[in-house]
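You will see chain A twice below: alongside chain B first, and alongside chain C after that.
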Partner chain A sequence: MVKKSSSIIVGIVSRAIVPFIQLFALYVIVHGHSSPGGGFQGGALLGASILLLRLTVGREGSELVFPERMGTPMSGFGVFIYAFVGVAAMIGGGVYLNYAFLPIGGMQPAELRSLGILLVETGVGIGVMATMIVIFDDIAKGNFHD
Partner chain B sequence: MTLYLEIIIYLLLIGCAIIALRVKDLLAAIVVLSAYSLCSAFLFAVVGAVDVGFTEAVVGAGLSGLLFLAALFYTSRKSAD
Partner chain C sequence: MIWEHFPALIPISLLLGALISAPLGIWKRFVSYPIALTAVGISFTSAIVALIYVLNEGSYSYHLGGWFPPIGIEYVIDPLSSFVVLIVVGVGFFVMIYSHRSLQDELSMKEVQFHAVALLYLAGLSGMVVTGDLFNLYVFLEIASLSAYALVAVGEKRATFSAFRYLMLGTIGASFYLLGLGYLYLVTGSLNMADIAKIIPMLHENTLVAVALALMVVGIGLKMALFPLHLWLPDAYTYAPSVGSAYLAPIGTKVSAYVLIRILFTVFQPHYVEEVFPITTIIVWLSATGIIVGSIMAIAQKELKRMLAYSSVAQIGYIGLGIGLANPLGFIGAVLHILNHAMMKAALFLVSGNLRYRFGSTDISHFNQKMRIAMPWTSAVFAVASLSMIGIPPTAGFFSKWYLVLGSIDSGNWFFVVVIALSSLLNAVYFFRVLEKMYLVRQAEHVSLDADKSFHKEFKVKEAPISMLIPTLIFGAAVIVLGLLNALIVNNIIKIAIPNGL
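Let's turn to the complex of A and B:
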């Protein structure tokens, strides 16, 4: 089902618009603690940009941006970042996901909280992006049980 | 001002829902359903829930329409047997 679009206009326009979608997604993730949006919305935007390439450019072109075999490892990696930040706060002496106890020297607790939120939202964004792509790839490929 | 905007968006929502139910072509139904999600995202943004509206615009109008599209292309209208 995923094959190259026959219209040259659709291909050119989608290839031109994808970097701007990804830049906006990175803005949403990075500004997640001070404005609407966050890890989930930014990750969904990143996944939507790559799914746009999957639909219009075709499988060969979009494999260069995000390989299909990387879907499941990347979603696991996002969950790992989230859990690792939580456990690092436990190692530093606090409870799970209490960012003020992250074991990084020379920073105020407010700065540590900001950094911890950024790290956790990066993990959420990576996980959501990879999970969206995995769902679409499994539906498009027809193998529902792998 | 906001009240008039809300009334217009509510009318658009009802119109999109009726069209999505009544139309025969499934591809057109998916497109109108995405327009319905976009209108509801506008409504959330107008009444003040910007975060919910953002999520609705990304997931409802973008990704769920894409998954419906993939499912539509994977199935066929007539059965094989």
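Let's turn to the complex of A and C:
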């Protein structure tokens, strides 16, 4: 079981920090394709912010931000976004993951590429975040999902 | 149109199948199996189309994301890869059909997750085969391995322990491969197999290349269960659920053998691995030892699945022997044995799954004639597959051994001929021990029928359900049909696949 931290300072400070970590994580994800960073790094930051809440606020409080039962579906959903963008490009007539062929009207190939990589990075980010939380929750609970 | 995409469709449809079947299966349990089966079906069809395309039009390369190699990742469909990938998804397809009833019996609450993990496992294996990029291969290797650990771990009580051991050793193997790949990238600056193959001849004096080769062979050898690195295998195969071992044993180690062929003969080229750094000599001797040790260990086993697991160690030895001989006949023997052994082992593990379904255990000392009377078809498949394992014509097993013998003679090494002959005798010892109990022991009949009257009622012993029996029969028939058609396969597929300079 994850126990709430007894120190009020730790609790308040981490609650204050978490939104900034998450904002930075979003920046890392959405800016990943034109600067260092990307879905994996941003996802790891997002996951870390939730884990910080799990450790300091306790499970009940942090469940409001990210419910435990959402872990496994979200990690699968992240991978699904990635795979689906690839297949969508195939449906649009290109090869797998060739974003220029995404079937969205009214956009230039360059814009489509930018959009495609953003979608993929978002998928990776969600997957990494959820997987980190699932691993933590499983270890903290001391038993397995059934 | 869609035919251009078949190299990617093979792993991608499996991956998407896993991602779709798991959440829908948690929502409504019964939808997971049809989705999983459809995904494998699409993959199987793509693999068949890929093989036909290659045989008619020649090799084909698919550039992921539209990036050209060596910068982008390419999927290569050539005679060898399309042949092996067809074996992988073909076995996966029929085991998937089989798995429905068997899982309901053994793991009734976990079928949804099991199907998803099995799909990921097949996606990893088929990806390893079709990729033309060494790092992409590592990624698929990890997908396949992590799923394989899960497939083992859901088994009986001791499965967790053997899965943990498999996890540790498997991770070490993958790390060795990655380390070797890192060295190779350091000196060549490329991860594309075809590109590295062009650079290696200029680097024959470079010691880092030799280190890279040694590390990669050790890593892949561990995954392949090459003789002294096979210790994870018997426990993993024995304690996995029946369907789990039916997924693992026929194709898991074979794909690693394929990767070894690719690394030795496509990336490093025969000249390098035979003369500059003669690692094939080491592989061939280790394999020969593995053949004998695996066969002897198999004789000592009392449990059918464990016996089959040790026999797998010996059979991997045959494939390793063919690779290590590094001549065209040995190569034909190795690749043909990848196919034949996949069929034989799939048949045998499905038989053991059938027996477990009806009798609840596969302890050889409990086998008797009643088994054959109750399950005639299952027993027949067992007999055919056993004869093939021993190497009796016209079953498939004979022909791959024949090519291996020819290859040994060709390389002037008569010792390996003795090894193959001796191991065939040892195979005969441990398979006839079982066949004798099933078919020949007469005096046991009365005793067992009397003693097992309650047993008989309790388990309602009769032939396995039809959805389990048909895949078993298909593999059993494949053993004979592929034996009869071996010349066709060798001449039309494997001979084109022989690497240059071998």
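As a working rule, the second predicted complex is superposed on the first by the 142 of 146 C-alpha atoms of A that agree within 3 Å, B and C clash if a C-alpha of one lies under 4 Å from a C-alpha of the other, contacts with A are read in each partner's own complex, and residues count from 1 in each chain.
Methods note: a residue touches a chain if its C-beta (ideal position, glycine included) is under 8 Å from a C-beta of that chain, and two chains touch if they have at least 3 such contacts.
Since we're looking at a predicted model, the values are computed, not measured.
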Is A:Met70 touching anything from chain B or chain C once the two structures are fitted on A? First, second, both or neither.
neither
Contact-wise, after the overlay, does A:Leu26 reach chain B, chain C, both or neither (first, second, both, neither)?
neither
Examine A:Leu55 and indicate which partner it touches, taking first as chain B and second as chain C; both and neither are also allowed.
first
Once chain A of both complexes is superposed, is A:Met90 in touch with chain B (first), chain C (second), both, or neither?
second
Looking at A:Val134, would you say it contacts chain B, chain C, both, or neither? Reply first, second, both or neither.
neither
Once chain A of both complexes is superposed, is A:Phe40 in touch with chain B (first), chain C (second), both, or neither?
first
Answer with first, second, both or neither: which of chain B and chain C does A:Tyr99 touch in the superposed model?
second
Using the superposition described at the top, list the residues of chain A that contact chain B and also contact chain C.
none
Within the complex, chain C is touched by chain A residues 73, 76-77, 79-80, 83-84, 86-87, 90, 94-100, 146
Applying the document's contact rule, which stretches of chain A touch chain B when the two form their complex?
1, 28, 36-38, 40-41, 44-45, 47-48, 51, 55, 132, 135-136, 139-140, 142
Chain C residues touching chain A in their complex are 4-5, 8, 12, 15-16, 19-20, 22-23, 26, 62-66, 109-110
Where on chain B is chain A touching in the complex?
50-51, 54-55, 58-59, 62-63, 66-67, 69-71, 73-74
